[in-house]
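Several structures are given next for inspection.
Each of the next two complexes has chain A plus one more chain, namely chain B in the first and chain C in the second.
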Partner chain A sequence: MSFVSLLFLVVFLPASVLLARLIPERFRNTFLLLVSLLFYAWSAGRNLPVLLGEMVFTYFAARELQRRRARGDTGTLSFCLLADTVLLAAVLAVYKYSGLPLPAGISFFTFSALSCLFDVGRGKADAEKNPVSLWLYLAFFPKVLMGPIAQYADMLPQMDSHPVSAASLERGTLRFLAGLFKKVLLADAFGDAFRQIHALPQMASMTAVLGTVFYGLQLYYDFSGYSDMAIGAASMFGFRLPRNFDHPYTAGSASDFWRRWHITLGAWFRDYVYIPLGGSRAGKARLVLNLAVVWLLTGIWHGNTVNFVLWGLWWGIIVILEKLVLARFLDKLSGVLRCALVNLAAFSGWIFFFSPTPGDCLHWWGQIFGAAGAGFWNSQTTWYLTGNLILLAAGIAACGTIPARLVSRIRKCRGRSGVWILAGLTALLLLLSVARILSSTYQTFLYAAF
Partner chain B sequence: MNVSESRGRQERRKWDTWRHRLLPDGIFSLGRTAAAVFLIAVISAQLLSGRVSGSSWDSVRAAVNAAAGILSDDTTQAQDLPDAAVEVQNDASTEPARTEGDARMIRRLYGLDEQTYENAQLYYPSASLGADELFLVRLKTPDQADMVRQAMEARKAAQMKNFEGYAPESYRKAAGSRIEVSGGYALYVSGDDAERIVEAFRKAL
Partner chain C sequence: MRRKNVSKGRHFRHIVFCMAALACAVLFAANLLTPDRSFSAAENRSLSARPSLSQCLTSGWGQTADRWYSDQFVLRDTLVKLNSLAGRCAGQREVNGVYIGKDGYLFEKPTAKDPVKTERTAKAIAAFSHENPDLSCSVILVPDAASVLARNLPANAPVSGQTGEIDEFLEQLPASVRKLNASDALIKASGQKTADGEETQVFYRTDHHWTTDGAYAVFQAAQELLNIPEPAAYSRFVVSDSFQGTLASQSADGASKDAVTIYIPDSDVRTTVSYSDLQTRRASVYMPEKLEQKDQYQVFFGGNHPSVEIETTADTGRSLLVFKDSFANSFVPLLTPYYDTIILIDPRYYYENVDAVLSSYGITDVMFLYSADTLWSDTQLADALG
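Coming up: the complex of A and B.
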């Protein structure tokens, strides 16, 4: 079941929110766990045993780590933590690399499970004694398929108490709708435009550039849209999930970009890999090694093809160069120029993402540099640009803070007129979204493949 | 402290009391081992059961078509494109090398009946001496894999025999054609873009 299916939007989510409010508080987590398992079974039924297995394993493993930690048995504690990590990483690796169909959300719920074990093993948080609370943390339906990857120590206090207020319900609904608009009206439209260009056997340089821009915007609105829907849905049940995107295409440096793009994955690697390895405090050589390890793992996490490894290395090299060499030069450039350079690196990197093989990647680069012999700009370019001009303008404008400022300005309108204008706009966008969902073929979320 | 927090603590205390009564400490180690064994068993069973892909027909077909540059309903909804768009597409490519075939053509070229597969899509050579071909099948059951593979190999052999001696370019394409049977799907592809299509097919599964 997808977040953008009518079944989810009209039946599953409203019914879950309503029933969760009616059910006594002490049974609420149990209800949400059952609803989450139903959601997962509906989305990826045959892989439910994998999720259940990881849930049960994580509960007992965390309790075992807690027991050893309480006894001061640090030697066996480290060994157990290592063995647990190897097992969960091996499960993930087998699914990613053996050719078995990838269970939906396995990269996300496995990282949540590892977060729990690391936090308990290192004494950052206690093992949750109530299995329902821990299992809900792992399988909570808004985040189980595509994150955000909430860290265990941050989520633990919410598992006992997540009161739903009118404000959280309203906030959640608006956030969910914002995500829906991003996915249905922007991401899917950019996806259609990209697929048309990608299907061309040969193209002019600027057509290839336009295709790359379409894909970059599709990916951003697809994943940030999903994240907004997840955060919004969680808020309807009183949970606060961490932010996953913060206007990444307005970043002023590569490091800044990664503090704004898929924030929770970056934070996971920072807290559980980069800092334990020594971070930036152990000299320049160690810093380079640590960054290389983190970016290699980030690439591998995304997929089982060479292209994702190359994409990880691409960002690793850029971030390392920026930290060691380029930072002092970048500081002298204007904000707009720095932002343009970051976007050049980001959009170039997406070519690794949408190309199935390094050969296809080189082929696309060849098209950008005119290897197809179709020139710099031709009638195709004009057609695809003019045909998608409004979409492109809206997509670029919405990358920044323009929508938030616009909403804030409308809210400040005299009397209740601002509220009515916003309500009207929301209703219009909702109508357009539903119309598009009904009229177009279903398009899956891109990050569901990871 | 609000009411729900204090209730949460009470719940915890209650659970601790019950846990101490019911569960000895060794249970955690035992439970962890049992869950690990369960996970390994699930994965082993899946590895042994033929790796049927969870990907839908539409997504696999769309990925393969996109790699082949075919405008199908799933890729671009070509029928909805205005004339100008179609012209642009036509400008970009010369005469399409492949033409869509129906169930009758599948039966003629591969000997496969409609009842033997769940879904299928065929693009056969547009020209009589052409060798560009794409045949994608979703099997009804995993045990059909061998039968469909044999049908595809027979087609490959027939095409090579047709072109041998007087159509070297088409012979090269037919000889270099690829057959992939995996995850409940089968693909036969012949043409210069075969490698790219196979990669897209594998990735889509």
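Coming up: the complex of A and C.
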């Protein structure tokens, strides 16, 4: 089961929202926890024990840290925190590198567990006495598989009180639908286009560039769409999850890009790694070291192959150079040129993502620079461009604020006509989304006469 | 003004929420009330059955339930067609591996030629011909529709030029094997007009097979190859005008329909057809009952079988063994006046000894009739020839 399965959209989510409203408030968290565990079991199957194990471990570990802090036992507190961190990181590492099937969402809920232990260990928040509340924070189904990574101290106050108002329900629905449209109508379409190009044995330079653009847009709309769906679904239960994307492809610098892309991961590394290491306040050499550590860990977090390490180093080098050397030169450039350079860095970096090995990366770069001998632009390039022109235009336009401004302009139409036009458009997009989800399950077995 | 905009925003959210809630309620009810289907004619497969609720806590139940709900979703086929239409409105000209061409034509994305497999196949045919020097061996290869009807392809559609690929393959065969690249005959026929003044249709619009008219055009070009000095006259009959084939299903495009034709020799030759897998005998190469089903191409021999034996009253002293894929199904009925016995073998389903067939039926001629799309990735023919 996933957010884009029809069983979830038509049955699971509406039934959960309805029942959560009907159940007395004192039982609501328990109900949501059970629903979340059911969701995880139906999504990840046999890996539920991993999540359960981390839930139980985190509860007792946090309580122990709280006790040691209360006693003023800072020495053993630090040791316990270190041991707990190593243990959780080891579990993550075993699954990432041993070849065992990776439990769905393990990177996300492990980081949530670490957030809890760090916040309790540093005294930023108390250990939750009620295990249901803590376990719900870790396993809450809107965010358990793909985030956003909500920090424990920010979520804790909501666990005791998360009233559902008409506004939160309606806002949540709208956000959820926006995410659904991004994921199904844009991301999946870009994914199809990218896979067709990626399967070509050789291609012209611009075909390879087009493929890279398709991938970068697929990744953005897939992840940001899912995040919107998570935030929207959480809102339907009265929870506020943090924003995870803020138009990253409009960023004017590398640092700005990473304040807009996967915001909660960046915040996690900033609050729990970068700042504790000294941040930017311990001299230039230490700054470089701290950034290198953060970007190495970021790369490792994203994947278990050397390509992801290289990708982390790619961004690390760019961010370091920008902070130390390039900033004053970049400031002299126009906003458009700065944005173009950032996107060049971002999309180039995604080549590490879709290439299984460094050799495949180099092969793709070779294709971009014409190593395939297929020229700069050929009929294939025209085919993939013209067949996806409307999609590409929509995808690029939606990277910025054009959709929001368009919605606002239509809504301002005289009387209520604008509102009804938007509602009609939403209904059409919902119908097309359902149609597309169904089509992804459509499989023809060609007749035996083949 | 600002208050008005805030109120409009609230109103919009309220409408969207009500709409989404209503949509969920209607879909939930509709799916609950609609009985489950066991089979999808459009997809030619069985649909998932409802999983047992008693298993809902077992691993894998979620995926099974998902699959069931999607398979049984109300208006599934209509919504899939809507998605295909939406894609085309957005400018897409490829849906699920099918190119959306001009004039209602659908084209299957070409199969890449596997050099290792095709070389092995060519060597196997050459070896077979060498080991059976008394047999008259011929090879007929049929290109895909994209190679013949390039004018109907969407602009810039990536195609592989199977005409040239077929020539390269045939060059690997020895001189003792008679060869025909069907491309020329099909291209020539596609430019000709029928007696009704319409263009000859050599490939179906909605199916990856050639039409019987296309098969007949290649038959006429192959008469010398097959040593048929005096070809019979044939009468052409249209047996269906509602055929929607594999490509229509694959692309969920229901716009076009094709006519299915058959050619009956004017001579009084009679046939008896025996199907080894069905354990039945028929007095015709055609199965008219298949015209009532989705895949009307199965009117020819009822589709593919491991082997088919055709006995005729032709009395020519010749017996033909055909190694084939499904393209031969609409070609072989044209050969019944010229051979006393015709044995069809589909190596994808046939596991018996070919040498036994050669000796027991007194085979005089052997034909390999394949589409390039099948042969380029095939290994079974080489395995069968041993």
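Heads up, the rule we're going with is that the second predicted complex is superposed on the first by the 440 of 450 C-alpha atoms of A that agree within 3 Å, B and C clash if a C-alpha of one lies under 4 Å from a C-alpha of the other, contacts with A are read in each partner's own complex, and residues count from 1 in each chain.
By definition in this document, contacts are C-beta pairs under 8 Å (C-beta built on N, C-alpha and C of every residue); 3 or more make two chains touch, one makes a residue touch a chain.
A quick note: this is a predicted structure, and the numbers were derived from the prediction, not measured.
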| item | value |
| --- | --- |
| Combined model on chain A where chain B meets chain C, clash or fit | clash |
| Touching partner for A:L391 - first (chain B), second (chain C), both, neither | second |
| Touched partner set for A:W135, first chain B, second chain C, both or neither | neither |
| First, second, both or neither for A:Y249, with chain B first and chain C second | neither |
| Touching partner for A:Q380 - first (chain B), second (chain C), both, neither | both |
| Chain B versus chain C as contact partner of A:E64, first or second or both or neither | first |
| Partner chain(s) touched by A:R46 [first = chain B, second = chain C, both, neither] | both |
| Partner chain(s) touched by A:R195 [first = chain B, second = chain C, both, neither] | first |
| Which superposed partner A:L169 touches (first chain B, second chain C, both, neither) | second |
| Stretch of chain C penetrating chain B in the combined three-chain arrangement, among 80-88, 98-106, 224-232 or 332-340 | 98-106 |
| On chain A, positions contacted by chain B and by chain C | 46, 196, 200-201, 379-380, 383, 387, 441-442, 444 |
| Of chain A, residues touching chain C in the complex | 1, 5-7, 9-11, 14, 41-43, 45-46, 166-167, 169-171, 173-174, 177, 196, 200-201, 379-380, 382-383, 386-391, 411-412, 416, 418-420, 422-423, 426-427, 430-432, 434-439, 441-450 |
| Chain B - residues contacting chain A, complex | 2, 4-5, 7-9, 11-12, 15-16, 19, 25, 27-32, 34-36, 38-39, 42-43, 46-47, 51-55, 58-59, 65-67, 69-71, 73-77, 84-85, 88-89, 91-93, 182-183, 195-196, 199-200, 202-203, 205 |
| Touching residues on chain C, where the partner in the complex is chain A | 5, 8-17, 19-21, 23-25, 27-28, 31, 42-45, 57, 59-63, 65-67, 69-71, 73, 76, 79-80, 82-84, 86, 90-94, 96, 112, 154-158, 208-209, 246, 249-250, 252, 294-295, 297-298, 303-304, 325-326, 329, 374 |
| Of all residues in chain A, those that touch chain B in their complex | 25-26, 44, 46-47, 49-50, 53-54, 56-57, 59-61, 63-64, 67, 84, 87, 91, 94-95, 98-102, 129-130, 160-161, 163, 192, 195-196, 198-203, 305, 356-357, 359-360, 374, 379-380, 383-384, 387, 440-442, 444 |
